[in-house]
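Chain naming follows the written order as A, B, C, D and E, and within any one chain the residues start at number 1.
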Amino acid sequence: MAMFLDVLSWILLTLGGISVLIGGLGALRMPDLYTRMHAASVTDSLGAILVLTGAMLQAGLTLATIKLAAILLFLLLTSPTSSYALASAALIAGTKPLSEREQPEGGKQ
Amino acid sequence: MKILGLYYYWVFAILLMTGFYAVIAKPNLIKKMIGLALFQSAVFLLYITMGHIVGGTAPIFSSVTGDTLYSNPLPQVLILTAIVVGISTTALGLGIIVRIKEEYGSIEEDEIQEIDKQ
Amino acid sequence: MSPETSIIAALIVPLVGAIGIALAGRISPNVREAVTLTTAGALAWIVWGLLPIVFAGGRPGVTLAEVLPGINIAFEIEPLGMMFALLASSLWIVNSVYSIGYMRGANEKNQTRFYVMFAVSLAAAIGIAFAGNLFTLFLCYEILTLSTYPLVSHKGDKNTINSARIYLGVLLTTSIGLLLPAIIWTYSVAGTGDFVMGGILDGKLSGPAVGLLLGLFVFGVGKAAVMPVHRWLPAAMVAPTPVSALLHAVAVVKAGVFTVTKVIVYIFGVDFLFAEPSSSWLLYAAAFTIITASIVALRQTNLKRLLAYSTIAQLSYVVMAAAILKPLAEIGAAIHMLAHAFGKITLFFAAGAIYVAAKKTELHQLKGIGRRMPITMTAFTIGALSMIGVPPTGGFVSKWYILAGAFEADNYVALATIIASTVLNAAYFLPIVYMIWFIKEEPGGKEHGEAPWQSVLALAITAALTIGFFLFNGPALELERQLVEGMS
Amino acid sequence: MTVIFGVFLLTLLVITALAIVRTENLFVAVMLMGIASLLIAANFFILDAADVALTEAAVGAGISTVLFLGALALTNAQERSTTSRKLLSTIVVVAATLVLIFATFDKPEFGDPNSPVQTHVSPWYLEKTPEYIDIPNVVTAVLGSYRGYDTLGEVFVVFTAGIGVLFLLGANPGVGAGQQAREINSGLRHHLIPRVVGRLLIPFIILFGLYVQFHGEYGPGGGFQAGAIIAAGIILYALLEGEKRALEVMPQKFLLGMMAAGGLIYGGVGVVCMVLGGNFLDYSVLSSNPVKGQQMGIILIEAGVGIAVTGTLLSIFHAFAARER
Amino acid sequence: MNALDAHLPALQVVVPMLLSAIVVMLKPRGLAWAATTATSAVAFAISIELARLTLDGATINYAMGGWPAPFGIALGVDAFSALVLLVVTGASTVTLIGARASVDSEIALERQPFFYSAWLLALAGLAGIVVAADAFNIFVFMEISSLASYVLIAGGPDRRALPAVFKYLIMGTIGATFYLIGVGLIYMMTGTLNLADMELRIHEVADQKPILAAAGFITVGLGLKAAVFPLHVWLPNAYAYAPHMVTAFLAACATKVSIYVLLRFDFFVFQENLTGHAFQFSAFLLPLALLGILIGSGVAMFEKNLKRLFAFSSVAQIGYIILGASLVSVAGLTASILHIFNHALAKGALFLVAAAFAMNAGGLRLADLGGIGKRMPWTFGAFVIAGLSLIGIPGTAGFISKWYLISAVMELGVPGIAIIAVIIISSLMAVVYIWRVVEVAWFGEPAEPGVAAPTIPPMLIAAIWICALANLYFGIAPQLPADLAGSASQLLLDHLP
């Protein structure tokens, strides 16, 4: 049982790591701000969930788990909000999404 | 271990001088302030590094008191103070920069000197 | 009044007088002049009151404050200083009388400031005369420099300011640049700066160092106007004539040579210097100054500037006399201070009188002026003769002693210099005398008589003194003999 | 393991630092600066300096970033691409670096338990604290009592900066706050999501701040961290609801009062100790039981610190935010 | 020593510091100024009492929080500290007495509470540096005083004050951080922050590289703060464009305090222990001092703005102080410590006069000052006295320190002659730049003809003349400062092998 949980947690951790990595790549390689944000934000939330759950499984039923859960909750609330705020700010600042532009170029914000 | 310790000190030196370079070489006042902040945080690193003790833990007595090895609390206290001093200096400096911008319309050192010459 | 108190009084009285004058100036000129004269009289009375004590060989002294360990503000009277004080204080009365006539005649402005600063300068001069050690002397010396600056720059126009700048520049530069190091050197070598009979440096210093220190002193005392630090004296001639007369013929310049003599006698010690070859250059420097200054004087066309250069020459007489380092010569030096003072102040008074009465300052304007201002010109002639050293004038007496000293030391340089300079003096004074009496005045000159009576009275008195000193110089000699007691 | 982690973080730190100097976009530079602070904080944590890590994160990454952004909003975010006296500076800097590196040899080994730092003064703290003050967090003990005088000075440094900024930028906001400024001040009121989330978070942030404040004796934390966190919470409120609302909650005068009061509380405790016959800041006289007295004193002064820091940081923030662009 | 005396070292710092928090809450009109002046006066009284207690070379130690050094923070006051404290608190008090009118004319009413509060903080900071016996504590109070003085200087009405103060802030912070690094390195090698303890423990490690580096960092850092040539570049503008009263206060004492720390650190911690440090110390500082003296005076001779003129002369005067110290002899140290006192007297008076002039002239360029001496004779008189003191005319305070300095140099023998020459030359330069002002002010013509009758606040004149008379008094009776300086230098040298 413990064995199984351990394996599971490691799988989760690995997946989380991978997704965060992908997110990072996306943020680097995507053509413009919005696509980058898309890549980053989505994978971030996913990565966070996976990693933290994995960590919780590692910790077992202790105070640490509760703290981790709180952190997870916090992340789930904030990171989408922040990416929303960023996107809207960019829109107000007048950065057009790629689709409405001719030649692709990276939005530098 | 030895090399690692030196590595910490070298990072201190490099950080310090990176900040210092920004301060003396960049004409932009805000850049100078950023450099100054970097400059100071390097010193924080120096102190904390020297306070560390191998296999030690933070100097907070835990309920499970054994002969645990605690790191030196003193540098940490000093740096707590130093951090606050740093932020105070930054705040004041930025305040001055804002006034300069209002008076001169520029935050580039050389431009300001030009304005003062005439 | 005990001697100590009278010393302090002698220093305080002029200062109090200065304040009094400043206040009285708000009331009316007459009151102000009254106060001036009273102050001068009081001062002279106090100083003369001290004479008997010194004559009796007393050396009253008083220490006011210890500034630094071993460095006091202290005053002590010895013959030389006594004589200088008498000279300055007594002539101040005469000069005040003269000033009244001059300042009103030439209706100068800011007369109150003039009289106030005059009183302060006198206080400083007395301080120099009575100074008991180098530090005190230096203190008063600088006060004198600074307090005379407003007098020199009295007119306040461009030219005056520049001259005043030279005046202050030279005097401060020399005093800070050379005199101060010399004094500190003395203190650090000898541990004291007190004036002691026979000197304090004997055995403490030797070799070229002595010559160097002497040089620092002699050129540091810019007021002695040994070339090349003489530039300030002609510059100072822009001042109103009473200033030139009392300060730049008597108080200030005499303070200079007085300091030099005092340093030679009481700091180095005559015998010590005589034994020290490295100090012999002083004689030559003085001789050079005498000759050069006289030659320059020959080529002057402005009366006061001529007198200034003649003063420079005469001052170096004193320095040279002192540098002969023989008792008789030292006496000569002291006496010459008196003799020259009487003669030169007379000459300046006369020059001022001419300016007030006829607004004339250049030599060529003086043709035949003797007929218009006979008294003034008689006095002028007497003064001139005294400068040359013709009997029966005071100048003869002092030259006599200097020559005697030179013979005693077999010092032929000094002899030659004195003779040559006498010739030169004659060469630039006699033509003037001839001109004022025997050449017809050019027609169209404005009508004028004598200067205001106060001025005439004053210069008459000084002329009388010049003659008188030839006849009655006993007391002065007596006094100065004490100076050289115990010299080889 | 942690060692490798440390090296990794340090390397990242150096890279970030270089990037900060190289970039010409000040906005980017400020952001990178925040990242650098976080990296440093992480390092501190690895080096067993929990309190410092917390402070660096809250102050370095949080407050100072906000201040820089505020300044940028009032000036321009782009730096002209000129570097004056490049060569000279480089030479100076390289030379100094070499000197420093030269100085690093002979340094006691990293984390050596027998280095003078570990053997001289600090053992005394670790061993006497239970006896004299009896609180778990030795850092707080040193900060509050053994070196309480430094901390007092520190409070007044903050105070000085506060009055300095107010002196320079004017005490009362709204002065010269023009149309543009008001737009900024209106915050994100028209954006629903941030408002809702923010409102949800702010109470927790402040609660956490209070926890840090009063838990400082037992865990990492204390007045400074708490002050920074609470200030951050309120600044967030100001960003969401706009300057005006924030100032309605805490008027400038009140903040100024907090600044002064914090310092006075701290100093007052010291004076009281003096009056009670101890030395300045000698808390043991506060109570019949010296240990209790110490604890009481530390709680009081920590409260003073928290108040002063909160007040100052908020005043500074408002002073910036109220400025016309 | 009664109960209160024991607490004086702490009170010296705490009183102004706490009052600053109260002053900021006061209503502007007059009250803030009155409270500040009163506080400063109290601090002055405390420092006088401290001087009385330490005159005989005694040292008053104070354990903050009752914790024994090196575990707690210790304060220590000896003759040296007492002298510097006198200068700091005295300068602040006298300046404040005359300050009100000038400050009203320069700083908007509603900003004044901040201004005065910053003033008290600067005072507290400087005092704190002086009494501290703990390396890190010195840093903290150094920052308080620095930040406060940045604020004060930035209050100047001229906008050029802002770039000037920013430069000062940058260089000041670098200096402080260098100092912090130096302290850190020493702490790393000795494990202590208490100066006395450092002195004991640094023995074993004296020859090691970090200590050498530390010595370098601390000297440079404090040199920056003390405006030692060539690290003085921040000073002239900062002083020129600060509010006049601030200039008078800071010029009199701010840089001196850094020099105080430099000397203390160097003699207590380094001199004895670092091999050949005394030589390095002299070899490093002596040339800088001489250059500073010459160049400072030289620039001053050609400076057009009165306050910049005085500022450059300050650079030269700091050179004198460093010169005396770099001789590492009783006489030299006495001279330099005494000059800390005397220069404060002269410069304080001069900058106060500048303030009075500024209130009645168009500006402080010499051209604006034409004939102002005739219109303000009393102020002008004080100016002349202070100027003479700066030149070093006998009878003024400046002469005393110059006397000590030259006699100290004479102990060097022949090589000393060159140094004496430098001193003399710079004194003559001083004559030049002082007399330039005198001639313009007395003989010059007013820039605009119909100038109104001067308005000189009586308090300001009082303050000016207090300084002027002090210059004269301490020129005739310099016992108090001389004795303090004497025992102070003795104290420093007792730490040499």
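In the analysis below, contacts are C-beta pairs under 8 Å (C-beta built on N, C-alpha and C of every residue); 3 or more make two chains touch, one makes a residue touch a chain.
A quick note: this is a predicted structure, and the numbers were derived from the prediction, not measured.
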Inset, instruction - Using the contact definition stated above, find the chains touching both subunit B and subunit E. - result: D
Inset, instruction - Check every other chain and keep only those touching both subunit C and subunit D; list them. - result: E
Legend entry - From subunit A, the most remote chain by mean C-alpha position: C
Inset, instruction - Name the chain whose C-alpha centroid is farthest from the C-alpha centroid of subunit B. - result: C
Legend entry - Dominant interface by contact count, named by its two chains: B-D
Legend entry - Rounded Å distance between subunit B and subunit C, as computed from the means of their C-alpha atoms: 71
Legend entry - Centre-to-centre distance between subunit D and subunit A (centres being mean Cα positions), rounded to whole Å: 29
Inset, instruction - Using mean C-alpha positions as chain centres, tell me how far subunit D is from subunit E in Å, no decimals. - result: 32
Legend entry - Length of the line joining the C-alpha centres of subunit B and subunit D, rounded to whole Å: 12
Legend entry - Where subunit B touches two or more other chains, by residue: 16, 20, 50, 74-75, 78, 81, 85, 88-89, 92, 96-97, 99, 109
Inset, instruction - Send over the residues of subunit E in touch with two or more other chains. - result: 136, 140, 143, 147, 150-151, 154, 187-188, 193
Inset, instruction - Can you tell me which residues of subunit D touch two or more of the remaining chains? - result: 100, 104-105, 107-108, 115, 117-118, 121-122, 125, 147, 150, 153-154, 157, 160-161, 164, 168
Legend entry - Each pair of chains that touches, named by its two labels: A-D, B-D, B-E, C-E, D-E
Legend entry - Residue numbers on subunit A that touch subunit D, as the complex places them: 74, 77-78, 81, 84-85, 88, 108
Legend entry - Residues of subunit C defined as touching subunit E within the complex: 65, 67-68, 71, 73, 135, 138-139, 142-143, 146, 153, 156, 161, 165, 168-169, 172-173, 176-177, 180-181, 184-185, 187-188
Legend entry - In the complex with subunit C, residue positions of subunit E that touch it: 388, 391-395, 400, 403-404, 406-407, 410-411, 420, 424, 427-428, 431, 435, 439, 443, 475-478, 482
Legend entry - Residues of subunit B touching subunit D in the complex: 1-2, 4-22, 24-28, 30-31, 33-35, 37-38, 41, 44-45, 48-62, 69-81, 83-92, 94-99, 101, 107-110
Inset, instruction - Could you pull out which subunit D residues touch subunit E in their complex? - result: 99-100, 102-108, 115-122, 124-125, 128, 145-150, 152-154, 156-157, 159-161, 163-164, 166-168, 170-171, 256-257, 259-261, 263-264, 267-268, 270-271, 274, 278-284
